[in-house]
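Should a chain be cited, it is by its letter among A, B, C and D, assigned in written order, with residues numbered from 1 in that chain.
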Amino acid sequence: MSAQRRIAVILGVGPGLSASIAKTLSSTHSILLLSRSLPSSLPSLNLPSSIPSSNILAVSCDGSSASLKSAFEKLKETWPEGKVDVGVYNVNEKFEMKGFLEKSEDDLRRSLEAGVVGAWNLSSILLPLFLSNSPDSTSGARGVLLFTGATMALRGGAVFSNIASGMFARRALSQSLAREFGPQGVHVSHVIVDGMIDTERVKGIMGGSDTEGKRMKPDDIAESYKFLVEQKRSAWTQELDLRPDVEKW
Amino acid sequence: MSAQRRIAVILGVGPGLSASIAKTLSSTHSILLLSRSLPSSLPSLNLPSSIPSSNILAVSCDGSSASLKSAFEKLKETWPEGKVDVGVYNVNEKFEMKGFLEKSEDDLRRSLEAGVVGAWNLSSILLPLFLSNSPDSTSGARGVLLFTGATMALRGGAVFSNIASGMFARRALSQSLAREFGPQGVHVSHVIVDGMIDTERVKGIMGGSDTEGKRMKPDDIAESYKFLVEQKRSAWTQELDLRPDVEKW
Amino acid sequence: MSAQRRIAVILGVGPGLSASIAKTLSSTHSILLLSRSLPSSLPSLNLPSSIPSSNILAVSCDGSSASLKSAFEKLKETWPEGKVDVGVYNVNEKFEMKGFLEKSEDDLRRSLEAGVVGAWNLSSILLPLFLSNSPDSTSGARGVLLFTGATMALRGGAVFSNIASGMFARRALSQSLAREFGPQGVHVSHVIVDGMIDTERVKGIMGGSDTEGKRMKPDDIAESYKFLVEQKRSAWTQELDLRPDVEKW
Amino acid sequence: MSAQRRIAVILGVGPGLSASIAKTLSSTHSILLLSRSLPSSLPSLNLPSSIPSSNILAVSCDGSSASLKSAFEKLKETWPEGKVDVGVYNVNEKFEMKGFLEKSEDDLRRSLEAGVVGAWNLSSILLPLFLSNSPDSTSGARGVLLFTGATMALRGGAVFSNIASGMFARRALSQSLAREFGPQGVHVSHVIVDGMIDTERVKGIMGGSDTEGKRMKPDDIAESYKFLVEQKRSAWTQELDLRPDVEKW
C-alpha cells in the first residue's frame, strides 16, 4: 500500500523564494502554486525538470475567498486522494520609497490585502482541512502553516507606513493562530526574512553578481521552511529570523 | 494679545477614556469630539459643566476620509482662528470571544477599519495641519498624535485573530509616523492600555464597585495622555504601557 | 500637623540626569544622593541654591550591600522621622568602543556590577521600607522604584557585549520586581533613555552648543521620572522610552 | 585524503538536552563534553554505544576561564589535528520558587555566573579558534556558537528576579556576538526553549509518562541545534523559539 499523497499549497508565487520552497517540498509533496500571474508565469519559475509535472498544479488566485475556493476545487479534482498538510503564505508587495503624505488610503488598503486578508483567507480554507488530518507519523503535525514575514513586521519605518501595517497584522494573525491551533496539532510559524533575496529581478536591478554575499539565496531560505515542516511537535518554532551573515540589523 | 486657541481632536469617543482625555485636555484646548454616535451621545459623556460648551464641538464621524473631511470643515467654521495641535485616536472595538473558524473575513475587515484605517485617515488630515504650526513654546512640538493601543497590539491570542491584526497594524502606523515625523517636530506616541477600564458599561456587566482595584480609572489613564501632550521635544516617549498595580502581565 | 518628610534615594549621581532628577523631586522630597565620588563631588552637581541644604544628604556609596547599609544608617540619623518612598537607580558605565576580543572577563564583571548588582542591592534595602509605608494619598503607591535603562537594554551590539549584558539584566530585574511588588503597591518602572544626554562632559567632548537638537536635556528627561513618581496606581507605566525628536531609532 | 576532524564543544552537560545534542552532532563531530560533574557523570548521559568512545572527551569544567583553558589543552592533546567549529552553551540553573526578599545577592551572582559569565568565557576561547578556520564548504560558517535561552530571557517574573537577570544577559551577549562576528563568518544563535524538558529528573518529579504531551523531548529539541549548525550563511537564524504544541505562551 502506498502512502497517501501529501499536498503543499503556496500562495504568492514568483520566481524567487516560492519557487525554491516548491522545489524543496517537492521531494515529499505535490504542490499547488497560487498567484495572480499563474499559470502563465509558470515557466518563469524555472522549476527543475526533475519534478514530475503531474506533481505541480498552478492556478490563478488573487487571495480572495472566492478565488481560493475555486483553486481548491481544482486541487480536489486533480488530486482527489491527497491530503493537504502544508500551507505557505508568501505574498509580497512591491515597496515604494514614499513618505506617508505621498501615500493614500488605497496604498494602505492594498497593503492590508496583501499583508493579512489573503493570509486570513488561506488560513480559513486550510485549517479545517488540517484538523481533519491524522497527525503526521513523524512530526506529529496535522498540518503546518507558514507565514513569510519581514523586518517590517517588527518595526515600522518612515517609508513603511502602509506596508508595515500589513506585515505587523500578518504577524498578529500568525501568533493568534499558533496559540489557538497549536494545541490542536497545527504548527503555525512566522519566518522573518531580513534581507534582500537574490532573485532575477534583484539581479536585474543590482547587477548579476553578489560579490559581497549580501543577498539571501532563495534555496538557502527554503531550507528553513522545509525544516519547519518537519519539526516535531514537542519542540515547535513559532518564529525565527533569517538574514545573511553580513547583514546589519 | 491673547494666545491662539489650541484644538485637540479625539476620534472614537465614548463615555470612558475619551471623555476623561477631553476633560483633562480642556484646561488648555478646545475639543473636537468625533464618533459615530455623536453628537446625540454627548450627554452620556458626562463632561463636567465647568467646560464651557463653546469649547466643545461634537460631530458624527465614522473614521472615513469623507466623514473626517466634513468634520474638519465644521471645525474650521466653528473655530476659524484656532490651531489644531493634538490628535487622539481612541477607537475601540467590541471584542468577541470566538475562535478563528467562527469568525469571517468581515470580522477581520471591521477590525482593520477600526484598528488602522481610521487612524490612517485621521493622521492624513492632521499631519499637514501640524506641520504648518510653529513649535509650541513649551514642548517644542508642532503637534502631538496619540494612538491608544492594547496588549493585543503586542501579542496575538487564540480569540484575538482579527482584533490583534488591527491593533498590531495601528502600532506599526504609530512607529512609522514617529520615525518619519519626529524629526519634523511631531510627537507620535502609542499608549498600551493593559487592563479593563472602569466605565459605566463595565460597571453594568461586572458590578458597580471594584473592590479589588482591578479596573483602570479613565481619569488616571488620561493623565498620561496629558503628560505626553506636554513632554518636551528633547525627551519624547514613543511607547508606554499602563496597567493597574494588581494586573497580571 | 505637618505632613511626614518624604525621602528619595538616587544611586549613581553625576552632574547630568541625576542632578536634574534630584532638582525635580526636591519640591516634594528630601534627597539622599549616592555615588562613589560623593560628597566631595557635590558642588559639581550645581544643585540650585533654592534647595535647602538641609534637604540634601550626599553620601559616598559604591552600590555594595555594606556601603548601602552604611548610607541608610546615615539617612536614618539625619531624617529619623522621614519615610523613604522613591528610589532611582541611575548608575551608568563609561562605554568603551572595543570589540569582544579586546575585552576581558573583568569588563563583563564590571558591567554586571553597574548594570544589575547595585540595582539588586538598592532594591533589597528599599523594598522592605516601601512595604512598611502606607499608600500615598494621591498616587496610591507605597513606594516607587525607577531604573534608568538604555537602548542597550533591548538590543545587543557589536561593541556592547559587556555593557548590554548588564543593561539587559537590569531590565530583567525591573520587570521581575514590577510583577512581584506591583500587587503589593510598589510602582517599578524602567526608563529607556535612547540618546546622548547634554551633560557638561558631553559638551566638553562634542562642543558646547547643540545646534541640531540632538542631545537630550537632563531637565526634560527628569520630568518623566517625576511623572512616574506621581502616576496613580490604577494606571502605572512599567516601561517607557525617551529620545530626542531627531533621533534615529 | 580524509576530511579534517570536526569538534563540537558543549558546556553545561547533564542527562537531558546536552546528551541529545551530543548524540545528534556525533554523526559529524567529535564532542568535548564539559560540566562540573564530568567525567564521572558520563555514564548517566546514556550516550548510545554507536558513538565511538574515541569521539567523546568528557572533562570537568566549571565555566571559569582557567577551567576552560585546561579543558582546551586536553582537547588539543586528544585531537591535535581537529578543528573546533561548534560551541554550545547550555548551562542551566536550578530554579528556586522564592520571592525577591527571600533571595540574596549571592543568588544573583550565581545566576550571573551561570547565565553569562561562563558563556563569555566559552566565547572568548572559541571565537579566535573559529576565526582561524576556513569557511565550511557547505554552510559557509567558520564556526557556530549556540546559546540555550528560555522564556526567562524575554520576560522577568515574580520569582525569577535572579535567574531572569542571568538569562537576559546571556541573550544580550548572543546578540552582541552575532552582530560583531556574523560578518566574519561566525553563526551565533540563541535558542529559546519554552517548556519543560522530559529528562530523567523531570520524570522522577512529575511521573514517568507524559500522557498529555506537555514535555519537550530532548531529541526533538536537539534537531533544531543540528539544523542551526548546518544553516547556510546567506540565511542564518539568530533567534528561534521552541515549545510543545500544547504549551500556553
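Criterion: a residue touches a chain if its C-beta (ideal position, glycine included) is under 8 Å from a C-beta of that chain, and two chains touch if they have at least 3 such contacts.
Remember, predicted model here, so these are calculated numbers, not experimental data.
Where subunit A touches subunit B, the two copies mostly use the same residue numbers: shared numbers make up over half of all numbers in play.
Our note on geometry: subunit A versus subunit D, Cα centroid distance of 31 Å, whole angstroms.
Centre-to-centre separation between subunit C and subunit D, using Cα means, comes to 35 Å.
Put simply, the C-alpha centre of subunit A and that of subunit C have 47 angstrom between them.
Residues of subunit C in contact with two or more other chains: 179. Chain contacts in this assembly form a single closed ring in which each chain touches exactly two others.
Chain pairs recorded as touching, per the definition above, are A-B, A-D, B-C, C-D.
Put simply, subunit D touches subunit C in their complex at residues 65, 99-101, 105, 108-109, 112, 115-117, 120-121, 123-124, 127-128, 152, 155-161, 164-181.
Residues of subunit B that touch subunit C in their complex: 140, 179, 182-183, 185, 187, 195, 198, 213, 215-217, 220-221, 223-224, 227, 231-247, 249.
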